[in-house]
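Structures given as structure tokens follow.
In what follows, chain A forms one complex with chain B and a second complex with chain C.
Moving on, here comes the complex of A and B:
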């Protein structure tokens, strides 16, 4: 079960993440856990959007507009995948300004 | 890898000229008790980017430095020969990491000018599988570790002309039973010389097969993406020595290998006699990999 992230949560990539392209897919590795994650189309878009400044609500709105997908579906995809990235130690909550 | 050593290394040939570039030295000395500000600190080892200190209880301490030197001291209750498996195992693994090379826990079979690596954790059956594949037609670059070049074609360096077999495997291969004088590993396996089937020259990598123990699942799968990279990481020899900087370099190496050569996985259930099934899968995988290479030429 994944914990829902609040819309105001801002995530940033950690220093412990490595990224590569392998046979046309993007693969992330956490140096802390040694776990690997393969990014599909939406996963890659969410990963790209996590930049340490946009909060979850802004990312959902941006992806919804860019890819013309339903608001509920987009919100579910973003929060679920972001929570997975957080659990794997690939992203962390950004410190408040 | 060329080695000069002040301990006799049994079947490993020594290099007469120790000043030759790239030569590794094994020397008795006084390794430190610990490293200053290590990046990794565990009870049995600590590591920084260019040095690793390994402590083996009842054997000794090993200080591996700059990809070229291992300074060791043997505990009072041990003999210098007790240090040899660790010099040629863990220490060599650390040296290869320091040289920014790729080293897998793998045995190998050479067919038609390509080498196919068989990876597996202890007990997965890589040595037994490889010995049967070599017997069926082929040669080998070694039984336990494989050092892979970083550029395509990825040449694999010859390791050592020995293999470690259980008594059961020796029976299955129709080989003579060991005598009391034959060396025995800590896992109770017998170290046998592979002289006649050993290739002492680098050979381009044709592909990699990983044997994974499972509970019930049995299949042969072509790996790609994250699964391929994860498999290469899992079977990287002494990966626990990789500091953050070394892990970044290794990750780049795994990515390159996964792009350049095919990887297969054989799922092998625990508690069943599956040797023949694994051999059939391995032969099929090698055939597929050879076909892929022919199609790419």
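Moving on, here comes the complex of A and C:
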């Protein structure tokens, strides 16, 4: 799947996710690949923000405002992590309205 | 140990962590109870159980999956993983035999005493039979080729049970050419990186069945030393980095699998540092000649 998600892309969580807490870290497991993805601070915020309605641009703006981080850094974090979630089958593109 | 080996074992430890996997397995179980079970969901249940080293749950998940597929699920009790199963990324699960409480307790104790009494006969193992050099980055194992205690017992057991082992592991009835048989010990820091015991095509001469009998103190003072049996695509040698069957080296447990499947032995910790507290095994390869037998394409 694409490395650079378009700002208008809307992602939603799939049903293929199992989630647990291990030593204070949230761990996601993809039922497709079997990999574990650990959610660190920004990862957890991005995962939280992916709700099937906000597009990438809106998530970037929201996180940038909430966490007072630079626009470029925030955009890079969100698109990179979202692409990883997509590749692991943990999220998918929401059907367009 | 090289950093790459350390990282690989860290990944195995994380993916195979029973505590992390337990809530994931519970969620999946709840999902399966809510919805009509699909083969994919049952396969995932099986894959999480075996990755966590839960052999009883592995077996029952396999039986459940077989029944969903309209089969009887009537496998030998020794078959923890029957042959022919595939993971979600297309590699085969290594067929696996496990026999617990293999010897009488006093027989195992005698074997352990024999190992301790012959400590000075143990040598650092070579990486493999073709490479005479000892390489601490690949493996750290002590080996005694000349152990005597119970040797005949193991030879006879294999002689009598080879046909059943071949059947469970999905191998044709090849003739046993000879059997390599040695005693091994992993003391503190012992490990064996990912490898296969045979890289030749299945019809060529070579190792066909690898079996191990774990023994040691009744209540082990070692931790670690697990066997990781990696799902393998036999034609290409591609092995999964995510899916494997973990086997705890419980004393008095015998395990067997086809020698072509990739596997590794995780680092052993022996805090007290005593040789006798190590993770011991009788480690063996049953060799076969080149043959034109009908090898199943199932695995």
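Throughout what follows, the second predicted complex is superposed on the first by the 95 of 97 C-alpha atoms of A that agree within 3 Å, B and C clash if a C-alpha of one lies under 4 Å from a C-alpha of the other, contacts with A are read in each partner's own complex, and residues count from 1 in each chain.
Rule of thumb we're sticking to: a contact is a pair of C-beta atoms (placed from the backbone, for glycine too) under 8 Å apart; a residue touches a chain by one contact, two chains touch by 3 or more.
Computed from a prediction, not measured in an experiment: that's the story for all the values here.
Enquirer: Determine, under the contact definition given at the top, whether A:71 touches first (chain B), second (chain C), both, or neither.
Expert: Neither: A:71 stays clear of chain B and chain C.
Enquirer: First (chain B), second (chain C), both or neither: which does A:37 touch?
Expert: It touches chain B, and chain C stays clear.
Enquirer: Considering only the touch criterion stated at the top, classify A:87 as touching first (chain B), second (chain C), both, or neither.
Expert: neither
Enquirer: Would you check which partner chain A:22 touches, where first means chain B only, second means chain C only, and both and neither mean what they say?
Expert: It touches chain B and chain C both.
Enquirer: Quick check on the output: what are the common chain A residues between the chain B footprint and the chain C footprint?
Expert: 18, 20-22, 27, 29, 31, 34-36
Enquirer: Which bits of chain C are touching chain A when the two form their complex?
Expert: The contact residues of chain C facing chain A are 14-15, 17, 19-20, 23-24, 27-28, 40-41, 44, 47, 51, 88-89, 242-243.
Enquirer: Touching residues of chain A toward chain B in the complex: what are they?
Expert: Interface residues on chain A, with respect to chain B: 16, 18, 20-23, 25, 27, 29, 31, 34-38.
Enquirer: What residues of chain B sit close enough to touch chain A in their complex?
Expert: Contact set of chain B toward chain A: 224-230, 233, 244, 247-248, 251-252, 255, 258-259.
Enquirer: How about chain A: which of its residues touch chain C in the complex?
Expert: Residues in contact with chain C: 18-22, 27, 29, 31-36.
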